Amino acid sequence: MAILKTTRVSRQFGGLVALSDVSVEVMENEIVGIIGPNGAGKSTFTNVIAGVYLPTSGKIEFCGQDITLNAAHEKCHAGISRTFQLTRPLVGLNLIENVMLGAMFGKNHPMKDARRESMEFCRFLDLKNIERPVSAMTALEIKKMEIARALATEPKLLFLDEVMAGLNKDETMDMIDTVRKIHSQGMTIVIIEHVMRVIRELTHRVIVLEWGKVLCEGTYDKVSCNPRVITAYLGEEAEC
Amino acid sequence: MKYSKYLAVLVLFIVAAALPNYLGLYQLQIMNFVFVYIAFALSWDMLLRSGQLSFGIAGFAGIGGYTSVLCGYNFALSPILCILIGSAVAGIVALFVGSQVLKLRGLYFSIVTLAIGEIFRVIVRNLEVTGAAEGILLPNAIFMGNATKTYWLMFAIATFTIIISILFQKTRIYYALTSISNDEIVAASSGVNIFKYLVIIFVVTSAIQGMAGAAYWQIYASVTPEGAFNLGFALLPITMALFGGVGTTWGPVIGSAILSVTAEYLKLQFPHGHLLVYGFIMVAAILWFPSGIMGVFKQFTAKFNT
Amino acid sequence: MNVRKIVRVMVAVSLIWGALTTGALAAEPIKMGAILPLADSTGKDGSRSMELAVKQINEKGGLLGRQVKLIMMDDEMKGDKAAAALDKLVTVDNVDIIVGGVGSGATMGAIPGMKKYGKVVVWIGGASGKIEEAMAGQDWFFHLHAWDYQQGALWETGYLEMEQKYGIKRKKTFMAYEEGAFGSGSFKAGKPIYEAAGNELQGEAFKSAALGGGDYRSVLRHAKEFGAESFIWTGYDKDALPIMEQAKEIGFAPGLFVGSPPGWPVDFKNTPLNQAVMFYSYWSEAQGVKNKNSKMYSDAFRKEFKDDPVTYFGPLAYTNIMIVAEAIKRAGTLDNAALIKALEATSYASPMGDTFVFKKSKIIDHQAFASPKIMQWQNGKAQVVWPWEVATAKLIYPFPAWDKRDKAAVPAKKAKGEKK
Amino acid sequence: MINSIVNQFKQRNFLFGFILILAAIILIGIYKPAVLVEGLQRSALYALIALPMALLLGIVDIINLAHGEFMMVGAYFAYFMSAQFGMDPIVSVLPALLIFFIFGLIVYYLTFKHIIGKPPLNQLLLGFGISLILSEGMTAIATNAPRKLSLDYVSSSASIGGVTFGTFEFVYVAGALIVLLGMQLLLKKTATGQAAVAVGQNPRGARVVGINVNNIYLLIFCVSIALISAIGPLFMTRYTLFPQMGSSFTLKSFSLVAVGGMGSITGVVYAALILGMGETLVLSSLKYGKWAEIIYFALIIGVIMYRSHQRQVK
């Protein structure tokens, strides 16, 4: 069953078309990868689904409900959660408080319960010293904290926007394991990524965007041998 | 160390409670200034914690002041009731205004709050029901001018503001406001209804400002457009909060206490140049203690702990 | 460590309070507490004149064998600050009597305190009728200024007399007033009086330069379009010169050009534009020609401060202190009831040219004030043109049109000064 | 690319605004010609006073709460130059520019330099302190007696078709145009100006690409102070001087910069035109003149809300 379904979703900024007629589906308990060259509209797509921007036209359905025009926090309440391409920790809060934010406002837990839940997520993601300020954390830890914050809203669908960017090889392996672990709990995940190895290892299905349009979609093997994809995107990396 | 905090608060409370027995009427009058500035500075800081910088203190204090004096003048209601009505009206105005202007950010929000206060000033100055430019005189001051009772009233309002501030720092509102001021996109993506929390904090702080203004002008049994909407009420509390250190409950409290007592003290020492000295104090303070007195205090305790 | 810190803070706090309460010692001299807006020209003239009066009293041996001490507090023109000043004077300094006062707004804030203490107050400011209402039945309150409605009526008398003597026309009068309490209060008080005399009165508020305004052209144009034969503006000293310049700019020169600021800016007497501008006041230095008290005051003031008072609050504040001093002498005690009795018997020949005797006004029991005077700038000097008894010059009428000004009437310019 | 398209949109909006304003001006000119002249002069004065703040606040994000006080000091400078040396105030604009550039330098090194990079709100407290020092210091030096030079030429006037209007205040129009052009040249055509814009948008980024951020702050601050102080002499030809006169113009400039849009120099001029014309128009009505201030503030709120709405739609 499709948990997320977009129908001809478009988004313009002034005269610039960032997304154009994007119709995709995400099935329950699936890991979908979104790839595409810079400026293809990957992050805009995430932002439109998560409610940072509203679509200029089109329709977004989530769990069978129309959430096209819902605001960001309403989409969060509906069960869509996300991390950010560039990490956005809340520096006014410490590690556990950052995670608690999701539990308190995403899932409406009272403060005490939120704290307990958040500690669970920290343990799950192997985050220690939970009273640390953000300034005392490593890049990997901040990324994990953001995932924990997203998980704490107890979403049905999780968007991971380039979580691997800037990580070294060991850290990337660590993160891949983490994503697998989350998926094994029954989470549906959309992963936006540049690193092809990650896509190949994690995803069940890949959507390729170019110039704001869906270029093609399918399994990694199928997509990576599509000549249009190779010229548009893979040509430079040639990992096929 | 953990209990010393509560001990300090207890001592402060006892000192405050004992003061009317030891202070003369003049010093009690100055305590009125201290308390009203605590209410203004702290409520302004509470809104600042959401990242919104308001110049609207004077406006809401004026609305509260005018409403309460008008109620007393026209309907001879009890002064306490007048103050509550003043507070409520300021809150209601904030609700209507806030639902429109809280979409603005940064300087745009600041200027609009300033303009709203000015609009109310011009309105009361031009209407006969509000006494026009000359203002309104009440027949009697609150508590018939009893300074001790007045002190307790202002003390109660300042304490109420402090308690609200502490509560807001300890409940989920703290997390909502901090996240909004840090990063609105993250806040919204984590499920925070930004607009709702901004409206809540705007209404609460405006109601506090309205209440403080209402009580203040009940003490002087009069209200004039230039006095009640005095822009000094917008700028002075801001400087006091910054002087004490923003983002904390006790920073604005300490800043208001020190600066309002200093202002009166300087006035006695230098009747003609007191504001000049006041200006130098502010500049020196900001250059040497950029994060306010609370910042210095925190640095000091941090050093002490390590 | 915490205890020590608390102790230290408490010591510091008590030091500050101690400093605030100094002056509570030494009850030897008679103490008069004055509340004035020290930053304003009215307060500056007032405070200097009070100091002068106290100095003169002390040189003659003081009162009741004791010296007189004057304690001055700034009200910053704000009601709350005036109330604090009053509390300080009464409770910290233990003054024997309260004097001073200028603005109505500041006075209003101090009223609850005055009522609470019931000390004798001899007040020279606060002309608003609202203050008179609030002071109903308070026998300790003595007011040395005309109420707003009285001023208008008295000046109206002056105009009527001038109409007969000089044939001035003022069927159409335009009044431009500063939008605050001062200006709009005097407009409201003057309106019924003008209209009762059968004149057509048009009024409009403007924003004073004192509050960020300074463009009067729209008001002046309205007056011109109205065809005003008489133009009166009520504002502050900051408005004086720009109004004349802008009137010249748009070519507006009604027969009577009247201004009524509390005082004129120092530069006003040097401008050629001042010729034939009329104004209201209660005193002019020119009165010294006819009145010896007035001359004595002006001379003493100049000797003391090397300067001239620019507002009538100078001689009024001087009168304020002298009336109180005489009453204390008569009473022989500082007891409130005796003092009130002694004040009621006041008959003081003031430098303002009048003898002050307290009478009942519409509501309060004790009021005395100098007779209002109509003045005119003539060749750089302020001359009294009405009432006849104290007049020092004849009225120049009509106000000469801007393009037909007699060059000879222009005061000689200072050697250094603006070029041209 | 996004930028260029957004800019195009902005320009189309501006064009629309321009036509609207032009139409309004023609209508007013037919209805009340004097309003047109006086409104233009008033707008020019507003723009002149707000432009240096637009440079400092809009471009490099420094809030100077002592803006009006610097103008006051400049005005006193011209007063004393005239009283002591007989220098005409309009001539004293030139020495004022130089002297107050240096004065700005001193103020910057003593104060603002130390709080850049600290919490931005500290600028409010610092500015408030400086404004008190300037106005109260001037009271100590020159007393707070109001002063006004008596200058013959400020009441010069001309008549066209039976309408008499003052001509002197066209000095403000000329001044505003010169300052506007100068600022546009500085920001668009010089490397320093481009660097200033970059610093304003992203100080850290600017530092990374090798811009000497401190020098840019210093320069823009001094230019702004020199300009506003040199406007003082022009201001005092028509207005009375007193030490407290500055604060109302600080707030006025703030609102103009906000209405014009942060970072937009021309926006401030449009804002001054709208507010100055609007105010003069309402004032020209005898009956409704007393509500002019409400119209003024309502316009401020209205324009800001409208612009924010526009941004959201986009």
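Labels A, B, C and D are assigned to the chains in the order they are written; within every chain, residues are numbered from 1.
Everything that follows uses one rule, which is that a contact is a pair of C-beta atoms (placed from the backbone, for glycine too) under 8 Å apart; a residue touches a chain by one contact, two chains touch by 3 or more.
Since this is a predicted model, take the numbers as computed values, not measurements.
Using CA-based centroids throughout, the chain positioned farthest away from chain B is A. If you compare A-B with B-D, the chain pair joined by more contacting C-beta pairs is B-D. Averaged C-alpha coordinates put the centre of chain A at 43 Å from the centre of chain B.
The centroid of the Cα atoms in chain B and the matching centroid in chain D are 31 Å apart. Averaged C-alpha coordinates put the centre of chain B at 35 Å from the centre of chain C.
Centre-to-centre separation between chain A and chain C, using Cα means, comes to 74 Å. Residue positions of chain C with contacts to 2 or more other chains are 179.
Among the residues of chain B, those in touch with two or more other chains are 272. Chain D has residues 139, 247, 290, 293 in contact with two or more other chains. Looking at the complex, you find that chain C touches chain B at residues 1-2, 6, 10, 16-17, 19-21, 38, 72-74, 78-80, 83-84, 87-88, 90-92, 104-105, 108-109, 111-113, 115-116, 128, 130-131, 133-134, 179-181, 183-185, 188.
Contact residues on chain D toward chain C in their complex (touch as defined above): 34, 38, 42, 82-84, 86-88, 139, 144-157, 164-166, 168, 238-240, 242, 245, 247-249, 252, 280, 283-284, 286, 289-290, 293.
For chain B in complex with chain D, the touching residues are 48, 53, 100-101, 103-104, 106-108, 110-112, 114-116, 118-119, 122-123, 126, 231, 235, 238-239, 242-243, 246, 272-273, 275-276, 278-283, 285-287, 290-291.
Contacts from chain B toward chain A in the complex involve residues 171-172, 175-176, 178-179, 181-183, 185-194.
Only residues 39-41, 179, 202, 204-205, 207, 209-212, 214-215, 217-219, 221-222, 237-242, 245-246, 248-251, 265-268, 270-273, 310, 416-420 of chain C touch chain D when the two sit together in their complex.
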